[in-house]
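Chain lettering (A, B and C) follows the sequence in which the chains are written, and residue indices restart at 1 in each chain.
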Amino acid sequence: MRVRSPALAAGCALVAVIVAMALLTFFWTPYDPADTTGGRLEPPGAGHLLGTDRLGRDLLTQLMLGARVAVVASLGAVAVGGPLGPAVGVLAGLAARWLDDALAVVLDILLAFPTLLLAMLVVAAKQTSLAAAITAIGLAVSAVVARLTRVLVKRVLAQDYITAARTSGTSWPRIVTGHVLPNIWPTLAVNLALQAGLAALAEASLSYLGLGAPPPNASWGRMLKEAEATVLTSPVAVLAPGALLAMLVIGANLIAQGIREQADPTLRRSR
Amino acid sequence: MLEARGVHFAYRGGPEVLTDVSFPVVAGRGLGLVGESGAGKSTLVRLLLGLARPTAGQVLLDGEGLRGRERALRRAVQPVFQDPYSSLDPRQRVDRIVAEPLRSLGLLTSRDRRAESARRVAEALRWVGLPEEAASRYPHEFSGGQRQRIAIARAVVCGPRVLLADEPVSALDVVTKVSLIDLLAELRHSRGLTVVMVSHDLTVVASLCEETVVLEKGRVVERGATAAVLGAPGHPHTRRLVAGVPRLPGPPAQRTAEPPDSG
Amino acid sequence: MTLLDVRDLCVRAPDGRSLVSGLSFSMERGDRLGLIGESGAGKTLAALAVIGLLPRGMSASGSVLLDGEQVLGAPGRRLDRLRGRAAAVVFQEPLTALDPLKRVGALVAEPLRRRRRLRGRALRGAVLDALSEVRLPGPERLARAFPYELSGGQRQRVAIAMALACEPALLIADEPTAALDTTVQAEMLALLDGLVRSSGMGLLLIGHDLGVVAGVADGLLVLHEGRAVERGTAAEIVHAPAHPRTREVVAAARRLHGALDGLAR
């Protein structure tokens, strides 16, 4: 499919920068992440493009490694929430009244917890690790997506073309794959793209609180935390991770908008 | 052919919406089911399509109950709905929409199913007066009347005997309405279809149906040949329905008999 | 003074498409004009433009003089005063037109308080009068009901009562019976007919059903694709339509009615 949406192109470009940065770290970083030979809190210059942190580590290196965690958190949350959310939502949408009600209550309870609190509980139950953080964020994403899916499924099921499919002799599984999913996936994809951006934000928040990926993983959230005290003397250490985080979230939002524009056949000529 | 026999229906925990409804659908005799909102017409449609079971009584196809005969029912009875915007999946092309009964009922038998499907879809589109290239388009590219033709093509593609049309022309303007009534009348003859038409619009029923069943609050209050039921209504409710149809004004000459204020 | 004078009204969509073009007509007090056309012909937009209620993004040009005041381009406050006093509207779907959280009595009281400055017992009396004027049974009980507790016909009567409470010089009714059953429609049209006749206000009736509109309106204006293609008395148009589109519509309506009337013989 030709990319005709400027939003999608811009979003992909923003996200691509971050993903490229994360991939690059597997082959090359300006300095060794553990290298503390630079002076402490050096300003940006020729030796260290963005300066150094208060341990004397190269900031650019830390940022690039942070991109890895951010991308992994985004993708991980979507990998958990992407299948789980719609599966639960479709089940609830199609299920008998009592099961639907039960699932709705469970989802509401999950949603009532702020993502961070949920994450803190999961992390507390296991221990701080990137996997635990991603599991927690993924669960929260699943609950949001499941509830959205349930509403969307019910809306589609009320349409006459579903009745027509039934009187055409189409079985329920084929109705779900042939009519329900194609009609709800654009909205779901939009929502998942948004959730991916929010997942990166959630991971940063967890790291900021010291509940995210533990060292030696570099995380933008923890970088923010560590640079907080010295924000006046070396603002780059705060601004740089903040800017990249914003880039990722905005990129995800633009992609979401782009998907919406591309997927709608009413905006698309058929030839 | 199709028959409702002593049908009662109530939604769970609700009051009865259909009470002792009986009528036969005779092959070749168009049947109009008329009544106001709340008369139970839509529920009756669901029962006749086998999408819900009567709480008492039976819907019969060729004299037998529907239980376990879903496939036979689907092949014999196909629906057309009121809202041409909700009855076609917006994400499927017309060829896929129209071919759905063929695929789902397993009616494609030749080696090359794709070609057979395309051929039968083209045929069905021709029956309803749509050009062949309509097959590769999406529903939103069509007007309300054309969409309703697509829905009719989907209904007739598998060669059913009964077309169960639920207010098929109510959402359309009068010119399109008449052209669709003509289409249905033509299909009756060319395809040997029996049309069962649910409508609140008596003029539509009068145009297309030989038999009429009048429903009021879930009960059949009058039933028989359309000419008798709507031409000389016996039940007060039918009389009210007929009297309520807005009439066209008389010719200008007649109006001069009234006080001259009509200018 | 002419009640409503529309000159060369054009309505454009946000993307510049022309939805109504070159529409002109005028109404005197007591006139009953029917605006008829298929869906998408621009009837409703024309009516909304007349009272300055076009959806956001749509633009209107030309001139609309309502009770002598220019509506197009008028500031919101002037329009607020004009609406209600000069013109009131009844829409197609009464359920969405009535605030679901207010009781019927409160809904009807609102325009009475604003327009006639009634308070207390006088207001309560006027509400009951307004409800019985539209022939709602048991107005006292009905005034305490919420809109969802009423039938479609009753809701539309409430909407009419609200519109009439403003004592407008012009009542605009946009497909007021399209959502109603045939028998209720007949009662509603008779009610509208009687109310307009007795109060001497103007009626702009919008519809797609020739039988409905021609039954109440004296004059008809036929819209097709945003343009007025024919105008005349209802009887003239039904019996001697001139424009090809009107002829099609009349022929179609005649066939449907003929099918039903033919049975009676």
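The working rule: a residue touches a chain if its C-beta (ideal position, glycine included) is under 8 Å from a C-beta of that chain, and two chains touch if they have at least 3 such contacts.
In UniProt terms, the chains line up like this: A = ABC transporter permease subunit; C = ATP-binding cassette domain-containing protein.
All values reported here derive from a predicted model rather than from experimental measurement.
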| item | value |
| --- | --- |
| Steps needed, at fewest, to go from subunit A to subunit C via touching chains | 2 |
| Leader among chain pairs (count of C-beta contacts) | B-C |
| Centroid comparison with subunit C (C-alpha atoms), farthest chain | A |
| Length of the line joining the C-alpha centres of subunit A and subunit C, rounded to whole Å | 51 |
| Rounded Å distance, subunit B centre to subunit C centre (Cα mean) | 32 |
| Cα-centroid distance, subunit A relative to subunit B, in whole angstrom | 49 |
| Subunit B residues counted as touching two or more neighbouring chains | none |
| Interfacial residue positions of subunit B with respect to subunit A in the complex | 49-51, 70-71, 74, 77-79, 81-83, 86-93, 97, 100-101, 103-105, 136-138, 140-141, 151, 154, 158 |
| In the complex with subunit B, residue positions of subunit C that touch it | 38-39, 152, 181-186, 189, 208-212, 214-215, 218, 233-236, 238-239, 248-249, 252-257, 259-260, 262-265 |
| List of subunit B residues in touch with subunit C within their complex | 36-37, 144, 173-178, 181, 200-204, 206-207, 226-227, 230-232, 240-252, 255, 262-263 |
| Of subunit A, residues touching subunit B in the complex | 159-161, 163-171, 174, 179, 182-183, 265-266, 268, 270-271 |
